[in-house]
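In the two complexes below, subunit A is the common chain; its partner is subunit B in one and subunit C in the other.
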Partner chain A sequence: MLIKNSAVAGTLESSDAQVTIEPGNGLELNIQSSVLNQYGRQIKAAVLETLNRLEVTNAKVTVIDKGALDCTLKARVECAVYRSCDQSASNIPWGGIIK
Partner chain B sequence: MIQRPKPDKKRLRRTMMFMNSQKPGLIKDAYIYGSDSIILDLEDAVAENQKDAARFSLYHALKNIDYGDTEVLVRINGLDTPHWQEDVRVCVAGGADGIRIAKCENAEMVHQVEEAVLAAEREFGVEEGRTLLMAALESPMGIMNAYDIVTASDRMLGCAISGGDFRKSMHVQIQRGGVEMMVARGQMLLAARAAGVQCFDTMFPNIDDMEGFQAEVIQNHQMGFDGKSIVNPKQIAFVHETFAPTEKEIVYAEKLVRGCQAQADAGIGVYTVDGKMVDIPFFEDAKRIIALAKACGVYHGDL
Partner chain C sequence: MINAVGRDIPDYLLTDGREVYQGRNYKDGQYIKKASPTVKRGEKPMESKICETIREACERCGAHDGMTFSFHTEFRDGDYVAAMVCKVLVEEMGLKDLHVAATSLGSAQDIFADYMERGIIIEAQTSGVRGRIGEVISAGKLKKPAIIRSHGGRPRAVEAGEVHIDIAFLAAATSDSCGNAKGQGGKNNCGSMGFANHDARYADHTVIITDTLVPFPNLPSSISCIDVDAVCVVDAIGDPKKIATKEARMTDNPRELMMAQNVANVIVATPYFKDGFSFQTGVGGPSLAVNRFLEEHMKKAGIKMSFALGGTSSAICALQDKGYVDYILDTQDFDQGAAAHLFSNPHHIEIDLSEYANAANKGAYVNKLDYVVLSALEIDTKFNVNVITGSDGVLRGAPGGHPDTAAGSKCCIIVTPLTRGRMATVCKDVVTVTTPGECVDVLVTDYGIAVNPARQDIIECLNKAGIKHVTIESLQEKAYSLVGEPDLLEWEDKVVAIVEARDGTILDVVRQVKPYEYED
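Here is the complex of A and B:
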């Protein structure tokens, strides 16, 4: 998907993550997390897997993680991407590209 | 990916705990509290500009979190909003056990949701008829049409009154003793029992007033409700205790069930147990109590 606009999804509450996505050249990933030492690699893998699945190749992605589970990270990244494309409100391909 | 067992219309639902679908901290471990059902909310708990995010969050929770024996229902947005159709799609795609229709006022609204559910089951390859429905009655019109609503679809598991909106529409405040909703509760119960579906009372909003809460739960049980909506885990234990049959009820029910067959074989219709006259309806009720005791985990006999 082509990132045209900046978009944010998620909150800074415990067990959540706030994901900001902006237009960019190539993938630029910035992760802040209170559990970066323990889970940094897993968080990065989950975010990258989701971006790859959505075929996002050019974007600046900032993740502020507050101890989110993988399924929450996925949900926040997907929502931010769909919001940036203005497609988040309906006809989401549940079980297709969103899985 | 989690595959949930096929939903059971008649299962035990003493407590239905509301959870905001938009809050990962809440929904990730909602099953540990032991409520019979949880209701993941897409409606009032979710801000208008977060409806989309709540659906993504809900989808992955349904697919990745093992809620075990806890039933997972989803409250969708009202039919007068632009959100409800996508809500139905995500519920069905995620494999939710059922959908709670908010602000249900007539059978036509049930039909509209049922159509969308069936379309979604076909779209996502979910077994047709799997997704259950229940109606939240929140207005005088909803109560007046309760029987039509609960008989509008084979998927209907039951109905619940929603006190907040209902009291506002009646220009009344919550009262000790529940006089302000007595007729509505009663009428809804009649409709549900006439239709053979379950019936649930509204949540008690003042979490710190345990005494008021307990009085309401006891009254709910006396009136014949199957269960209650709750908003805090600390409300679960008292409801479960109150709705489970007592030891005395179980012993009596056992005696009835054992005695009845022998009497019937002997060609006797009406007879007495412990000095009380009983007949066939008592036997049916005794079987219900044994089944309820089993479901509540308080039956240790061999029937």
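Here is the complex of A and C:
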């Protein structure tokens, strides 16, 4: 998917993550997390897996994680991507690549 | 050398007879020669010991480079005195190579972090580290490793001469001109001075800092004028409203209340719950809430407590006023209600940290404790508890009386949620061992109860009472299934803190944290 605009999803509450997506060349990932030392690897994997599934190849992605579970991270990334493509109001492929 | 909780202690730390942790009660029965302070005689009659400034008091007490100074933290986050004094020592007097011996270090002493970074404070010995000081120590900025001791370990080390305090600067709510001082009756009250009065007897010099000077003699007092060199009057010694911070709160969270209820059920199912039992809670939300649920059980059984020990909250004072608690033996007051309640009931009594928990005296009150309910940052499948380092390996907690009460009590119950955010509280290996698993008997979480297999007697009691319990391994697996298995932390070689067991042996070390890097 092509990232058209900047978009944000999520909050900075405990157990949530705030994901910001901006247009970019290639994938640029910036992760800050309150549990980085123990879960940095898994957070990065969850974010990359989701971007990969949505076929996002060019974007600047910033994740500020406050101890979110993987399911939350995935949902926040998906939401930010669809918002950035102006598809979040009507064209979300539920049951397709959004499982 | 690998110690009794499986931690590898570097050999270079094992000097001057220092040993690694060998197990509970290892030093029982040994003799120890107590250290004694060197005191300046006050033979010539003197009307008053008041000094106009803190600096004058420091000079009178011979403040010098390389000295060890102490203070108490009964005001917790509201303490003004430690920072005030340290500023005088450093900024006004230009002293260096200072050693700090504190009952705790937290945000109220943030200025110490600057002095540690500048190499002016070179060593810290404390029962707790929070805030910026923890970050600075974890980053390896102190010349010598910090020493973390329990509340009982601190007076043990002082009496053994391992910590020699040159000057104790002790905040007191009231004092007379000669140093009879206490935690009540002033503008800003902390209640019990249990953290302070032992220092007054063992330090070479003692300075009382108060904001309320009262006529001589200020009796009965917690600190006696015979132990005091100087008295300073300042505008304010602390903000008592900040004593009750988020570490000491009364919860209304239904999950925590459910856990508290289950703790009370476990207590009632064990044989020590009978007339004259004794009890202590920590300050975590669910542990403090246990007080609420105990009342109805005591009422139903028609029994009362002989004594409640340690840190004191309004909840336990209310139980005493209703006749359910004979004595409160108070080292620290967690809120203003408790601080005001001290002495108002003649059975609500102040005790010092040695009386409370010192393993090297002839028998501290923890040895008579039936139940203690404590919280944990982490607990592993060997029941080892961590209350000092966070999931990032940074110092941010306080053993306090945790290891002492766990070791002394007949039934030690840890109450904690299974996970906090993404952190698994029940884990395979705690980052740092602060309380050995052999001292921990029962774990109560929001996902179930586990009993230490070493306590088959408690398992039988729970079975008889129909209280469900599972293995601690199954709780750990449940936690990891929710949050994922955490990666192991990465450390540098440098030891930044030594966690001393209550008997003076080395329980664990904390190393400098390695900045996180992704492996690509």
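Convention: the second predicted complex is superposed on the first by the 98 of 99 C-alpha atoms of A that agree within 3 Å, B and C clash if a C-alpha of one lies under 4 Å from a C-alpha of the other, contacts with A are read in each partner's own complex, and residues count from 1 in each chain.
To be clear about the criterion, a contact is a pair of C-beta atoms (placed from the backbone, for glycine too) under 8 Å apart; a residue touches a chain by one contact, two chains touch by 3 or more.
Predicted model only: the values in this text are computed from it and were never measured.
Novice: With both structures lined up on subunit A, is it a clash or a fit for subunit B and subunit C?
Specialist: fit
Novice: Taking the superposition on A as described, I'd like to know which of subunit B and subunit C A:68 touches: first, second, both or neither.
Specialist: Both partners.
Novice: If we overlay the two complexes on their shared chain A, which of subunit B and subunit C does A:98 touch? Say first, second, both or neither.
Specialist: A:98 sits against subunit B, while subunit C stays out of touch.
Novice: Mind computing the angle subunit B to subunit A to subunit C from the CA centres, in steps of 10 degrees?
Specialist: It works out to roughly 80 degrees.
Novice: Quick check for you: in the superposed arrangement, does A:15 touch first (subunit B), second (subunit C), both or neither?
Specialist: After superposing on A, A:15 lies in contact with both subunit B and subunit C.
Novice: Please work out whether A:37 is in contact with subunit B alone, subunit C alone, both, or neither, and reply first, second, both or neither.
Specialist: second
Novice: Measuring by CA atoms in the overlay, how small does the subunit B-subunit C distance get, in Å?
Specialist: Minimum over all C-alpha pairs: 5 Å.
Novice: Across the two complexes, find the residues of subunit A that touch subunit B and also touch subunit C.
Specialist: 14-15, 68-70
Novice: Taking the complex as given, what residues does subunit A use to touch subunit C?
Specialist: Answer in residue numbers: 14-15, 34-42, 44, 66-70.
Novice: Using the touch definition up top, name the residues of subunit B that touch subunit A in the complex.
Specialist: 23-25, 28, 51-53, 55-57, 59-61, 63-65, 82, 85-86, 89-90, 93-94, 124
Novice: Quick one: which bits of subunit C touch subunit A in the complex? Just the residue numbers, please.
Specialist: 391-393, 420-423, 482-484, 486-487, 489-490, 513, 516, 518-519
Novice: Once bound in the complex, which stretches of subunit A touch subunit B?
Specialist: Interface residues on subunit A, with respect to subunit B: 9-10, 13-16, 68-72, 74-76, 78-79, 82-83, 88-92, 94-95, 98-99.
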